[in-house]
Amino acid sequence: TNATDLEVTHWWTSGGEAAAVAELAKAFDATGNKWVDGAIAGSGGTARPIMISRITGGDPMGATQFNHGRQAQELVEAGLMRDLTDLATRENWKEIVKPASLLDSCTIEGKIYCAPVNIHSWQWLWLSNAAFKQAGVPVPKNWDEFVAAAPALEKAGIVPLALGGQPWQAAGAFDVLIVAIAGKDVFENVFAKKDEEVAAGPEIAKVFKAADDARKMSKGSNVQDWNQATNLVITGKAAGQIMGDWAQGEFQLAGQKAGTDYTCLPGLGVNEVISTGGDAFYFPLLEDEEKSKAQEALASTLLKPETQVAFNLKKGSLPVRGDVDLATANDCMKKGLEILAKGNVIQGTDQLLSPDSQKQKEDLFSEFFANPSMTPEDAQKRFAEIIAAAD
Amino acid sequence: MTGRTRGSVRPNQWLRNLNAKIASIPMILTALVIFVGGTAWTVVYSFTNSKLLPRLAFVGLDQYERLWAAPRWLISIQNLAVYGFFSLVFSLVIGFVLAALMDQKIRFENTFRTIMLYPFALSFIVTGLVWQWLLNPQYGIQSIVRSLGWTSFAFDPLYNSDIVIYGILIAALWQGTGLVMCLMLAGLRGIDEDIWKAARVDGIPMWKTYVLIIIPMMRGVFITTLVIIASGIVKVYDLVVAQTSGGPGIASEVPAKYVYDYMFLAQNLGQGFAASTMMLVTVAIIIVPWAYLEFGGGRKRG
Amino acid sequence: MVTAYDAAPDRLKAGPRGAKPRRRLSRRNIIVYGTLIVVSLYYLLPLYVMIVTSLKGMPEIRVGNIFAPPLEITFEPWVKAWAEACTGLNCDGLSRGFWNSVRITVPSVVISIAVASVNGYALANWRFKGADLFFTILIVGAFIPYQVMIYPIVIVLREMGVYGTLTGLVIVHTIFGMPILTLLFRNYFAGLPEELFKAARVDGAGFWTIYFKIMLPMSLPIFVVAMILQVTGIWNDFLFGVVFTRPEYYPMTVQLNNIVNSVQGVKEYNVNMAATILTGLVPLTVYFVSGRLFVRGIAAGAVKG
Amino acid sequence: MTSVSVRDLSLNFGAVTVLDKLNLDIDHGEFLVLLGSSGCGKSTLLNCIAGLLDVSDGQIFIHDRNVTWEEPKDRGIGMVFQSYALYPQMTVERNLSFGLQVAKVPQAEIDKRVKRAAEILQIQPLLKRKPSELSGGQRQRVAIGRALVRDVDVFLFDEPLSNLDAKLRSELRVEIKRLHQSLKNTMIYVTHDQIEALTLADRIAVMKSGVIQQLADPMTIYNAPENLFVAGFIGSPSMNFFRGEVEARDGRNFVRVDGVAFDVSAYPARTKLQPGQKVVLGVRPEHVKVDEPGAGDAHQAMVDIEEPMGADNLLWLTLAGQSMSVRLAGQRRYPPGSTVRLSFDMGVASIFDAASEKRL
Amino acid sequence: MTSVSVRDLSLNFGAVTVLDKLNLDIDHGEFLVLLGSSGCGKSTLLNCIAGLLDVSDGQIFIHDRNVTWEEPKDRGIGMVFQSYALYPQMTVERNLSFGLQVAKVPQAEIDKRVKRAAEILQIQPLLKRKPSELSGGQRQRVAIGRALVRDVDVFLFDEPLSNLDAKLRSELRVEIKRLHQSLKNTMIYVTHDQIEALTLADRIAVMKSGVIQQLADPMTIYNAPENLFVAGFIGSPSMNFFRGEVEARDGRNFVRVDGVAFDVSAYPARTKLQPGQKVVLGVRPEHVKVDEPGAGDAHQAMVDIEEPMGADNLLWLTLAGQSMSVRLAGQRRYPPGSTVRLSFDMGVASIFDAASEKRL
């Protein structure tokens, strides 16, 4: 058969990411089609208007990356996206995709519209062993120890907690704190059930207390990008950072070894629970028969075990199916896999909240972390309001 | 058709200047379809709860209520006012002063001009980053000055909520004053040489000549410059994103970023449209009467 | 002819020879050149940092002194920015988008300027009823944030059937360049002597003949000005380039953005800087080449308000 | 046969009426000068005739053809502007041939006409130059050439010489006159310089605020101005005016001004002067005789200022409480302060009614 | 006593030398006119005196004070520019008072001076207006006022009237003259209009390419021009020149031009004319007599063009193969084609050496 060109847009552009995409492309090309790469850097904010414009403008791509969750919901509702239910049933995705919530996020009114490809988790605390050594305190095992070590670190001229200025970092850190401090149930009550009582309640108040600590500890980070913050940890100028598993790549690139140079604490060492956000591919409805077929081929390829392994090893994320073996994974990744295997997972806030609520939350927390005069009580009140209005 | 009848009948007004009208079609279409039509479209959808896609699900003034309750929007407006005011004043003042210096029959004028103009050619994305570095207390200007011995020196505008907008201003001026300088210089070159001579014979000091005589004579240049700067101010977005992403916290947010973030990050088009409608209304209230006086209203040519 | 000098009293002839005072100029010069040099430093400092950084390796950058000259000069980042930096699967750096940028910039600049200059000409010389109204709308349009217009324009382009094509993009650039350029051209043409226009009409030249044969050749400076504004704007444009076209037309700035804006992954600052300078070279060249004309052109155009 | 005729022409710019129901007929081969002060509507009228302005009302005929709404190029006119309006980027030759090329005249014909025009105006050596390389006078010659090559019957000039200095002005004036004599076409010439008007015109139309005050040949305009405005406008220095009252005494008519009585019996009045009538007596500086023996009605006056102008001498004096000027041929000097005896030649004087300002 | 004196003044713009070792002395209260064609360095000289240009070499004295390197404001001068150079956004009053305010003159004094200047120039009603609301003549009056209030002894005018129309020009000319008579201060006046030069000047300096060609009172310049350039430059229409050879015949001297011999015995030559000497005979148009009975040496010529100018009549004729002009007082008409008899008044003619171009 003729090779069909299929344009795939995504925002994976950095070295490791691109290498991972290459795996997808390779696997797809092997099916006799051709992957045409349409990479746009800058995360959703930059890429999304482009993708949406293309789709609504009547010139859609063959497939496009979204964070699975609610980002594409309206496109689906507008009938612009392709229904993958037949394929999913045929290939039995319901069975193989683990955790099941990943596929749930792709399901709208019982129909499946996306193919999940990986799991990224947010719930990690990255610590610089050198920094603690310099401050003369042992490397903490959990969040509380970390907070306790802060004065000593500060005395040594080390910023206890590195936090970049971009809003999503503050919001993400807070989400991590909720799971760690208040636990999985509270997290689900707040974000899945949108229970404003809980959001305004004492459990969350505790989390805000912790966030207040984090705020104090992060004073003096003075960086914008998350990797600049990570760099502070790598160079020992800062002691720790709450950041997703993608931070690992930075340590690796700097030639640091997990355990000796740095330490990773999933769930902040308190609640070893990780979220299962991640990426998925959506397929706009195309008129061209050939291309439609190619779309199916791609969707099917994405979930193949070989593809999953190859892709996620490069990407540094976890595979979406439990039945694959990641022997070559590193230390921290293995910790993640174990937690996943135990089923200690939650859905990511991307999946649970609309982007609108997410954005409001980001605004709130970026303000909270930057503005010491905002009391935890005030912040909690606004937080509860956002949860109340969330859909 | 004889000449007598051809020339004696007043032709249809619509057909007179036909070519000019045809040639103006792109302008008319742009004005009507894009600017008026697009604006109307935006205003209409600002009354809906459109999320990712524009949908005509009207919710009355909800979006506006939410907008004006959002602390971030209020801060954005404040910031724009501060940034706009200082950016306008400093651009004009610095641009003019530089142009005045350049107008002193100096050598290497072309070199100086290019130095001042080159930032205009560079993309915001990275110049924002460079300024972020330069203003970073750990490795920027502050650390340099401290390493020179002035250890109490503090200069960290981007990391201080109270003054962050001024930090952005520094980079904005760096980017934009070159162009203003060029426009002003051009204006100065258009001033009658005799005015200078008359002022010198009258014994009027240089600065007074500039302030009281030359500047009032350059009204046209100032207007062109004003339109260019002001439209840039209202639309300021990239620079903030590149330098602070609106931070620390939301201290350096601006309206255009609010619009963009809510349209594309938050996927709440209605909110974004409401915000942009507010911006447009403000601009229109200021601009329309002025523009009509300036460009319309039966003034002769020019 | 007897000069009166010979008849002048000796007192005058011997009179105090006024020394040619040099000081008069030098203090002023110190102020003028001093200020200009200080200001130039302000303008050049970021460029210095960019160049220095672009010549360093990543390990050196991680150490953190942004002002320090490179210990070991490497052109790797430049090579990488130009030829190796990856955008997704395509690892050919800025060079990949370069020709696309050229393909976009040339027609967009030409057409946007052509349209705006004709508008300005019509507004200045062939005023018709309502023209002022449209022009006012246009000026107000200069203040509308681009992003707001994305969706309406997507709809318009879709309805015109040019969405995703180069034509569509050129139209978009033409639309957004129109307000400022029309203002510039209108003021320029209004400043030209009206009698020239009349003379041409008596000579039998029509709208287009006058424009092409009379106005155009006289307005080269303002065209250069417009070109500089448009080349800078369009060359550096990223948003429209990707929103309104498809990947085969993506401009160089998409690569620049990809290089600079990778959120997850390592930031290669040296490559970023090199890429920025490389991207800026084209507009910079235009400035250098046409610097003198720039000032002259605006002078002719903008002085009349 | 009329060459150009303007019927009830009105023109307003917005609310401002510049021309109001103006009528004008110009004969074939006539040299008509439109004269008037700045802003009186001369250029506006010329532009209407040329078709460069849309009239608000009325008609324009050229060679009995109604051209009111025709394009300028179809009216058979050529036009020369004050600022030359040469196309700066074209050579002189291109400037001349541009209109013809636009009209798609065959190249051979173009060459012929350009050559002829260049010969007539003696600009052959300049053909390859650009306007910026020409002097003012040469530029204006080229501008005239541009009208010439169009081979039209009606030439319109809008203050063609105002931008030139005195010397060039007088030279080109002669050339335009010569051109008219050899081409014998209709010329309408706008100026506010009366010397030009007087020397060039077959007829002069003196305009004020969009209204033609007098339309007549130069000598009539000069010697018998129809009203006070025309009288004051023509002549340099201006006609001297004395406001007074008619007085009949001893069968003679006098005009009494501030205690001085001027004998105006010799004045060829159109209507009889009424005693007591308030009038304005006008005498041109060159019609005053100074220290002439045997002049009957002489008045004593003192010289304020003397302006020797080479060929003649201008005196400013005070008479009947009024400043007046006198122009004397030759170089006889009257230093300020000296006293002279003045007598007026009433045969060429003018008397106007003070109220209607019309000639009596 | 000299008011302004210029010693060995040189000025170059880069490599171009505009003025070279120029010397000039101007007396107290003198009205000196600098006359010359465009680009000859008049404005440059004036600007040097004003201190607006730094001289390359030489000295400038004002009231015997060496001011070569002083600021313009300290030189005790006032200056008036061709383009008026009024401050456009200030009222007339502010325009006048601005310099004084800057110099911290007491307000009462300022008011007094402004009032006086406004009275002298009759611009009291205009004091509250802006320059854009004034006519050209009024603007120039204000510009003069601005120099006036400075209460200085030396006024510099740079072609103050060039931008005005003929009528205004002649009016303001008189006013400037009057002003000079009443103020009695030194005035240096640049123009390229010879009428202005002749009527205003106590002395005229005729310049060419930065060199003063002749410095003398107007009548001397007019009647006895020192060289061919001055002769041709002064007078409108220009002096008629005939290039020929001196011929002695019957004890009389003739200048033979193209077959026509002009009797020049009556010419008051400074040095004896040598037979065979190549000379240029110059006769002013107004010194030609037409059809005068009893004129001995008469020449036949045909009228080409006639330019009636109201007060006099200008004829263009051809004589000895050359076009020449004749100016006749009065209104006697000579239609083109008619033949006239011309005779020259050699007492006021000029003869120049053809080679040195100097007056003989």
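As written, the chain order gives the labels A, B, C, D and E, with residue 1 at the start of each chain.
We adopt the following convention: a contact is a pair of C-beta atoms (placed from the backbone, for glycine too) under 8 Å apart; a residue touches a chain by one contact, two chains touch by 3 or more.
None of the values given here were measured: they were computed from a predicted structure.
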Given chain C and chain E, the chains that contact each of them: B, D
Pair of chains ranked first by number of touching C-beta pairs: B-C
Geometric centre distance via CA averages, chain E-chain B, whole Å: 55
Distance between the centres, which are taken as Cα means, of chain D and chain C, whole angstrom: 52
Distance from chain E to chain D - Cα centre to Cα centre, in angstrom: 26
Length of the line joining the C-alpha centres of chain A and chain B, rounded to whole Å: 37
For chain E, residues contacting two or more additional chains: none
Junction residues of chain C - those touching two or more other chains: 64, 147, 151, 257, 260-261
For chain B, residues contacting two or more additional chains: 16, 138, 260, 263-264
Residues of chain C that touch chain B when the two form their complex: 28, 32-33, 35-36, 39-40, 42-47, 49-50, 64-67, 115, 118-119, 121-124, 126, 128-129, 131-149, 151-153, 156, 174-175, 178-180, 182-184, 187, 190-191, 194, 206-208, 232, 236, 238, 253, 256-257, 260-261, 269, 272-273, 275-277, 279-280, 283-284, 287-288, 291-292, 294-299, 302-305
Chain A-facing residues of chain C, complex: 62, 64, 86-91, 147, 150-151, 154, 157-158, 163-164, 239, 242-244, 246-247, 254, 257-267
Residue ranges of chain B touching chain E (in the complex, touch as defined): 192, 194-195, 197-205, 208, 212-213, 216-217
Interfacial residue positions of chain A with respect to chain B in the complex: 44-45, 48-49, 52, 56, 71-75, 78, 165-167, 222-224, 237, 354-356, 358-360, 363, 366-371
Residue ranges of chain E touching chain B (in the complex, touch as defined): 47, 50-52, 71-74, 77-79, 81-90, 98-99, 102-103, 146-147, 150
